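Shared between the two complexes below is subunit A, which pairs with subunit B and subunit C, respectively.
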Partner chain A sequence: MGHLSLSAVSKIYDDHGAPVTALSGITLDIADGEFCAILGHSGCGKTSLLNMVAGFESPTSGSITVDRQAVTGPGWERTIIFQDYALFPWANIRDNVAFGLEMKGVPPAERRRIVDHHLSLVGLAAFAERYPHQLSGGMKQRVAIARALAVQPRVLLMDEPFAALDDQTRRAMQGELTRIWQQEKKTVVLVTHSIDEAILLADTVVVLSRHPGRIKRIVPIGLDRPRDEDDPAYAVLRKELRALIHDEADPI
Partner chain B sequence: MTAATVTIKQGRSVRRAAIVVPWLRNFSLLAALLGGWQIASAVILPRFDPQIGVLLPSPAGVAITLAGLLASGELLIHLAASVKREAIAFLIAALAIPVGVAMGWRHSIHAQLYPVLEVLRPIPPLAWIPLSILWFGLGELQNQFIIFLGLVFPILLNTVEGVHRVDRNLIRAARSLGASEWKVLRRVVIPAALPQIVVGVRVGLGTGWMALVAAELVGANSGLGFMINDARSLLRTDIVVAGMVAIGVAGLAIDLGIRALARRLLPWSPSLTKRD
Partner chain C sequence: MSQRLIGLLLDALWETLAMVGVSCFLAALVGIPLGVVLLVTQRGHIAESPLFNRVVGALVNATRSTPFIILMVAIIPLTRLIVGTSIGTWAAAVPLTLAAIPFVARLAEASLREVDPGLIEAAQAMGATPRQIVAKVLIPEALPGIVAGMTITVVSLIGYSAMAGAVGGGGLGDLGIRYGYQRFEGEVMAAVVVVLIVLVSLVQWAGDRLARQLNKRLTAKQAAAI
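For the complex of A and B:
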């Protein structure tokens, strides 16, 4: 369960009376268990797209459905992970991960079992009683992943989740995410501006153009996981995506 | 005791001295000022006119009076009266917290209340004293009203600010985890705004304390403000200064108490745990 479908979605913002088209004619099907990366420069509307799937914003026209149910607002079927982690600083790690389960009305004993399972999944079982400010950036993002997965969402949304991390931690987290995703088989929509991140993680890469944001091309990534940057096929994909993205860059 | 433990103990006392000595050095100006004051009031002023000495009691004299007021229990009675007034006014002014949360959360409520506040806020609490005497007469209620006015605006405005400044992604994360609007408010917005609300309470208790003393100067028959005004009419400047010291120390104690409490209850807040 977790088939995400966008049909002719467009988003027009009002900029002091002047309409600005952020996204236009986005039609996209993401299968259950598929890992989809949305790739584009800043200003291509990729975050707007994610916000609409999350239900924080509504499309100006078109429709978004998850398992044929229309998205009308935020809800546990579509949990989100932000770049800045957005952990509750007053709650310990256990209570952070338990938050969604509590909102769902899961009884305490069951809640505890699910939280323990997800803390082990992200390798933080020993840190349950710590507070967010006592953890490193990579560990905070693991907590955010555990919190988002604990409610068993149909779709996991990620908004540039590793952009705030240093290079080494980012690579480790990308490996971790691949492992977790292979274990949990969730539908994932990941927004990124990094070509490498898209190739390393995704089954399909949706390249967006700018002004307005449209789907430029959908590139399937057929490589085996874990992916190897030295693989010649990887280099071919990187070249292809770079060319697609390069066209969209601002003239300097 | 072995030689090793002796060395450790000596090491400790050396280290302690290394902390205490510079700390004491911070008080050298204060000590010099007190010494100068003592000389001025006990030696220099009486040379010009033996009567003028009464206008500036010496620190030693004030200390003796303060000890006497403490021993007789008189100071504690007045201190208790003042603290009780401040506490009652605070309990009423704490209603500003839910009002501030509502203002911060709902734009329509903010739009209605904000102009009213902006008109009332610049009026100093002391300017309300004449009208409040006519409304409530001299006494507890009038005093508490003035203190309330000192307390309420800092608490209200800091609460609004605290709610406005809640990280939008925290709210969004909670919404996507299935929290209703009420749950978001109770479980995310209020805890996130709490450090700023504490700032409002601290500032409010400070301005409330100032308003309290002023209100007691005018219309009360107990409290530290009353005590120093009463001593003035008897020309007991030593009691006046002793009362001023007590007012300052009590105000400082309230502030330190709130800060210690906040650090204990909100250990996660970087703005409260850093020492300032």
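For the complex of A and C:
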């Protein structure tokens, strides 16, 4: 379960009376269990796209469905992970991960079992009683992943999740995400501006153009996981994506 | 210090504590939920209702802009209705409460507004209803700020309560005016001021301490220093 479908989705913002088209004619089918990366420069509307799938904003026209059910607002079947983690600072790690389950009304014993499972999944079983400020950035993002997965969403949304991390931590987290995704088999939509992140993680990369944001190309990544940057096929994909993205860069 | 002065001070202190305690408790009971309502009914927030928000906001502003001494006299009929008389310590608690409610509401609203919108979005994406977001995200996250706001309220009300002498409310301020100013007993005035300074310092110290203990973002080192 977790088939996400966008049909002719457009988003027009009102900029002090002047309409600005952020996204136009986005039609996209993401299969159950597929890892999809949305790649584009800042200002291509990729975050707007994710916000609409999350239900925080509604499309100006077009429709978004998850397993044929229309998206009308935020809900647990589409959890989201932000760049700045958005953990609850007053709650310890266990309570953070349990939050969505509590909202769903899952009984305490069951809640505990699910939380323990997800804390082990992200490798933080020993940190259950700590508070967010006691953890490093990478660990905080692991908590956010555990929290988002604990409610058993159909689709996991990620908005530049590793952009705030240092290079080494980011690579480690990309490896972790691949491992977790292979274990959990969730549909994932990840927004990123990093070509390498898209190739390392995704089954398909959706390249967006700018002004307005449209789908420029959908590039399937057929490489085996874990992916190797020294693989010649990897280099070919990187070159292709770089050329697609390069056209969109602002003249400096 | 004479036995008489100590007796006067203790009586006045008790009256002040009773007036301020009761009005702060009631003001928190009404004002904090009112602050929540003022925030969440705003356009674009979790329970938006712009018209309702404007009406409540206008009422709060109107009460806040009325000078306390005028408010106290203006609501004498209401005070009579509630406590049966318009004179005395309990009668003074009515205008104090009424003045404190919008004050608390605005302070609570300001603290609640500081809550990271990302936390609200994260909670929404996990299926939290507006009611759950208020109880499980907004209030816990804003609690240190709300406690700091209540401390400010208590200190302000100690000041306002001095005016309650005008309706025979008694209290430290009243004692200071009647003995210190009208009877030229400088010793009483000085004693009242000292008691007020100690009282306000104690309230501020306790409020700061509680607010810091509630703030889970502190590092262990800072927490140990409290």
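Going forward, the second predicted complex is superposed on the first by the 252 of 252 C-alpha atoms of A that agree within 3 Å, B and C clash if a C-alpha of one lies under 4 Å from a C-alpha of the other, contacts with A are read in each partner's own complex, and residues count from 1 in each chain.
Keep this in mind: a residue touches a chain if its C-beta (ideal position, glycine included) is under 8 Å from a C-beta of that chain, and two chains touch if they have at least 3 such contacts.
Only a predicted model underlies this, so the values are computations on that prediction, with no experimental measurement involved.
Asks: Here subunit A is shared; do subunit B and subunit C fit on it together or clash?
Replies: Overlaying the two structures gives a clash between subunit B and subunit C.
Asks: Tell me which partner A:20 touches in the superposition: subunit B (first), subunit C (second), both or neither.
Replies: Touch partners of A:20: none, neither subunit B nor subunit C.
Asks: State whether A:79 touches subunit B only (first), subunit C only (second), both chains, or neither.
Replies: both
Asks: Have a look at where A:100 lands relative to subunit B and subunit C in the superposition and call it first, second, both or neither.
Replies: The answer is both, since A:100 touches subunit B and subunit C.
Asks: If we overlay the two complexes on their shared chain A, which of subunit B and subunit C does A:1 touch? Say first, second, both or neither.
Replies: Neither subunit B nor subunit C is touched by A:1.
Asks: Jot down the residues of subunit A that show up as touching in both complexes, subunit B in one and subunit C in the other.
Replies: 54-56, 73-76, 78-80, 82, 84, 86, 88-90, 99-100, 103-104, 131, 133, 144, 147-148, 151, 157
Asks: Considering the complex alone, what residue numbers of subunit A touch subunit B?
Replies: Those residues of subunit A that touch subunit B are 54-56, 73-76, 78-80, 82, 84, 86, 88-90, 99-100, 103-104, 131-133, 144, 147-148, 151, 157.
Asks: Provide the residue numbers of subunit C that touch subunit A in the complex, in ascending order.
Replies: 116, 118-119, 121-129, 132, 136-137, 140-141, 143, 214, 216-220
Asks: Contact residues on subunit B for subunit A in the complex?
Replies: Answer in residue numbers: 167, 169-170, 172-180, 183, 187-188, 191-192, 194, 266-270.
Asks: If you look only at subunit A, which of its residues touch subunit C in the complex?
Replies: Checking each residue of subunit A against subunit C gives 54-56, 73-76, 78-80, 82, 84, 86, 88-91, 99-100, 102-104, 131, 133-134, 144, 147-148, 151, 157.
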